Amino acid sequence: MREQFPFFKAHPNLVYLDTAATSQKPQALLDSLQNYYINDNANVHRGLYKLAYDTTEAYESVRQQVADFLHAQSAEEIIFTHGTTDSLNLVASAFGPHAVPTGGRIVVSGAEHHSNFIPWQQLAKRQQATFVVTPVHSDGTVDVPALLAAITPGTNLVAIAQVTNVAGDTLPVAKIVKKAHDMGAFVVVDGAQAVAHMSVDVQALGADFYAFSGHKIYGPTGIGALYGRADLLAKMPPIQFGGEMISEVRDQGSTWADGPIKYEAGTPHIAGVIGMGAALHWFQENVDAAALQVEHELANQLRTALRAIPDLTVYGNDDSLATVSFNLTGIHPHDVATFLDEQQIAIRAGHHCAQPLMARLGIPATVRASFGIYNNQDDVTKLVEAVQAARRYFHGID
Amino acid sequence: MALTKLDQMYRAVILDEAQHPRHHGVLADFDHEITVRNPSCGDVLHLQISEKDGRVNDVAFSGNGCTISQASASLMTDQILDKTPAEIEQMVETFSDLIIKGDVPDADRLGDAAVLKGVHQFPARIKCATLAWKAAAQVLTEKGKTDD
Amino acid sequence: MREQFPFFKAHPNLVYLDTAATSQKPQALLDSLQNYYINDNANVHRGLYKLAYDTTEAYESVRQQVADFLHAQSAEEIIFTHGTTDSLNLVASAFGPHAVPTGGRIVVSGAEHHSNFIPWQQLAKRQQATFVVTPVHSDGTVDVPALLAAITPGTNLVAIAQVTNVAGDTLPVAKIVKKAHDMGAFVVVDGAQAVAHMSVDVQALGADFYAFSGHKIYGPTGIGALYGRADLLAKMPPIQFGGEMISEVRDQGSTWADGPIKYEAGTPHIAGVIGMGAALHWFQENVDAAALQVEHELANQLRTALRAIPDLTVYGNDDSLATVSFNLTGIHPHDVATFLDEQQIAIRAGHHCAQPLMARLGIPATVRASFGIYNNQDDVTKLVEAVQAARRYFHGID
Amino acid sequence: MALTKLDQMYRAVILDEAQHPRHHGVLADFDHEITVRNPSCGDVLHLQISEKDGRVNDVAFSGNGCTISQASASLMTDQILDKTPAEIEQMVETFSDLIIKGDVPDADRLGDAAVLKGVHQFPARIKCATLAWKAAAQVLTEKGKTDD
């Protein structure tokens, strides 16, 4: 697996444990990008010449591919965006005011990433809606019963991650959706940390909207997707204007194209779409359930080993997927990160764009190690040893 | 110059059809009306159909478009005369298939319009050829819905 | 020059005349993208480890590079966007309501691209403002005196292209800005068709905002920039939320980061930024004023040769830059495009996202040939011959 | 393990300074107050300064941050006592230079705080080291402006 990633040839001694921030890229993606720019580069949706036509076909075929990947009903339900953040903001801006009336109610978990938190907070502000942030457990995982209880009659919208980005816990989305739908609320699911680590079926989940980023699933930067149920997209006005998203433009008024391109104003990130298609194809060919299970077990091994270290708090639990957060008592996560970096271990330290969660846990930051499909036993061993060394170093134990 | 493929699409009859389209204009009286667009190229087609005893008894189109879309609209309007909506729906499917594949068993159902099959070698032009046909199917089944 | 573009090795017989839609890419860009993904791939603005830090530095250094390229006062005035359309929509959404009060007045030229037209049309609608679209000449160029005259006292905002995308004419931006500023109006300049063909100095122009796309200046897709005068950006709220654009996130309210990252919610298109930097660097090293002059002369040669063909209308004039639009009487542009495509000439036919201009000219579409730095005499000759052949073919002259 | 670079940054005195910071807390009475953040990592620093006869006569900081930012705040607060705002501004510039370059001619102006120069080998940590100093310069020159 690892040998398919040229990054690791360039960095043979690096222990990369920051896949939750961004994944490394398989050769298949690099080849696809080169091939696009060398052989197929043309603008889409406008050209009558063959090159432009073929590129448009390739571009649109990725829409079908993403639909299949998420088990959507049709390609018409897939909007290309610039990433999860862009997807979630699109829903908040375009669908939000439709879903949440003045004085309405929005519920989010206390473990959401800023990208699935602030758009709803700001929507609530605009709509003078109640913004409910639900409790978390002391290990940073979402308190699911409390979340379900918060979804009361009168709730209009629920925004949750399928997998959270600090504790790595997986939310029971189908159950949450059921409750929300029973109460008449829409559910927006942030799949940024899910798609690379589990198989996703938006119809089985019942999600109304589902967002993810290409760069976190071995794809290129600057691209992502939004799934939206067809009947809901039909109600959603565009929020960016220009280029091919139109039907007719008159001086004093315009009408919009049908379908997802209504939301894709301007020249899209064509190489990004093609590249995301190549990455998803690579992923589906190379990463099966067994491989994901190995990844999950590495994370669990790490959690177990870390728990054996004195004065160390591990967030998440053994159902958590590929993300492991922890803290050494009395040692600031930044200092740990620098120490590990000196030993060629790339991990993240900080609030992980989850300040509401940090506030709930009463901590400023955590150290976070996250796994990708290229990590191995050796990476776990090196990290554990280095964490032990960091503890000795900063506590002056020698 | 590789004009063979071109010639297969732009048969003389097609160039002629586009230059002297049949049923071009507007009807004083009609039962169905639709305006469709090909937004990527700006083509606009306005189609009016009048029905009598469950069959198309008059039809007219206007708007602007390329040779292929004009010829196709002209041929389509001629072929749907005296047909029932159900028959027309089937013709539209057959036509779509023909334009995509270049050959279908039941092409003769399309009469003269089958001459457009050369379009299949120009995938970028398929939408031009099918615009009028899809409009007819849409307006006859969805009863006058327009896209605006 | 051409040999620096692998696209032309892959397509040795193709005459590519659609650079106004998107440019082909120099080897330097391809190398930069590969290098980024193989050696430097890490998320920005968050990582304490060296790889992430270095990537952040590289990312931010492109901001300075773009500032220098546009002759902005500082890197703080450069926001990375997904392209011109995204840049213009950002201004319309975030600055528009500040600039244009209810009942105000917005002026655009009649030759604007949809991306610099609909955002203002929709803003006018939201603000119940008057939306003025100014006249064009019969050759499709902007009627500058009429535009200047439309900028009356009470005008709040003027949106114009520096170079238009159908007739290719260059607007006297500095003069328009002076008039607008005298009247108390802000000026937003669409530089999509300008940056690759002339040198741009936003301070000399006096532009309040200036937008461009990377993919039109030999850079990657999915990336662009917006210049905004520092004092105006300071007044502009963010419109997308999430990730690193924050200062502090509390449950019921958030504060924003200072500077351009306030508008760059989510993981940015890092490879795109790095790639755009490489493309601009390549451009500045390889394309001097003389090379641009050659490009301009090719366009003029084409205009001259086309004017000699009977029943042919050429839009634009000899001051127009690298874009040449024309129509053969009685032959639809799409048919011309297909005919030319069969002869391996990639040109564009359509409304070029300028329906208001098409309406003014009373035509549905034009044929458009546009030049890049890799085009040559031979391309002009081949196109002219093929246009003559198309005329004979469709008019049945043999 | 290449801990030499690390050791140069995390000198015993720095670890100790961070663990037992001076002037940590709040003042009952103060002339200047500021809260600054390092948004990329969530560090927060709250700084209060009291002035007398044009010189800093008391100072306190609170908030949270890493070893480097805490040690730096502690050393800074100690060094600016009895200095004028103009002197402090110069010190902040010198400190910034030192942390970026690792060495500057006038480093002795910084007293004990010069011990932080090892940070220059860790560019990702420069912001941690300079946070408190920039806050001091800002609050003393901009008279109490906060970032919220």
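Brief remarks on what is shown
Which chain is which? They are A, B, C and D, in the order written, and residues in each are numbered from 1.
The working rule: a residue touches a chain if its C-beta (ideal position, glycine included) is under 8 Å from a C-beta of that chain, and two chains touch if they have at least 3 such contacts.
A quick note: this is a predicted structure, and the numbers were derived from the prediction, not measured.
Drop subunit A from the picture and the touching chains left over make up one piece.
Comparing the CA-atom centres of all chains against that of subunit C, the greatest distance is found for D.
Between subunit B and subunit C, the centres computed from C-alpha atoms are 37 Å apart. Each chain gets one centre point, the mean of its Cα atoms, and the points for subunit A and subunit C are 31 Å apart. One simple way to say how far apart two chains are is to compare their mean CA positions; for subunit C and subunit D this gives 46 Å. Distance between subunit B and subunit D, defined via averaged C-alpha coordinates, is recorded as 77 Å. With touch defined as above, residues shared between interfaces to two or more other chains in subunit B number as follows: 40-41, 124-125.
The set of subunit C residues that touch two or more partner chains comprises 46-50, 52, 244, 246, 248, 334, 338, 341, 349-350, 355. A list of each chain pair in contact follows: A-B, A-C, A-D, B-C, C-D. By the touch rule above, subunit A contacts subunit D in their complex via residues 331-335, 338-339, 341-343, 349-351, 355, 358, 364-365, 389, 393-394, 396. Here subunit D touches subunit C in the complex through residues 37, 39-41, 123-125, 147-148, going by the rule given at the top.
On subunit D, the positions that touch subunit A within their shared complex are 1-3, 5-6, 9-10, 15, 40-44, 64-68, 70, 122, 124-125, 128.
If you check the complex, the residues on subunit A that touch subunit C are 6-7, 9-11, 14, 18, 21-22, 24-25, 29-30, 33-34, 37-39, 41-43, 46-52, 82-86, 88-89, 92-93, 113-119, 121-122, 125, 131, 133, 213, 215, 220-223, 239-244, 246, 248-254, 265-272, 334, 337-338, 340-341, 345-350, 353, 355-356, 359.
Per the touch definition, subunit A reaches subunit B in the complex via residues 45-50, 52-53, 57, 244, 246-248, 255, 257-258.
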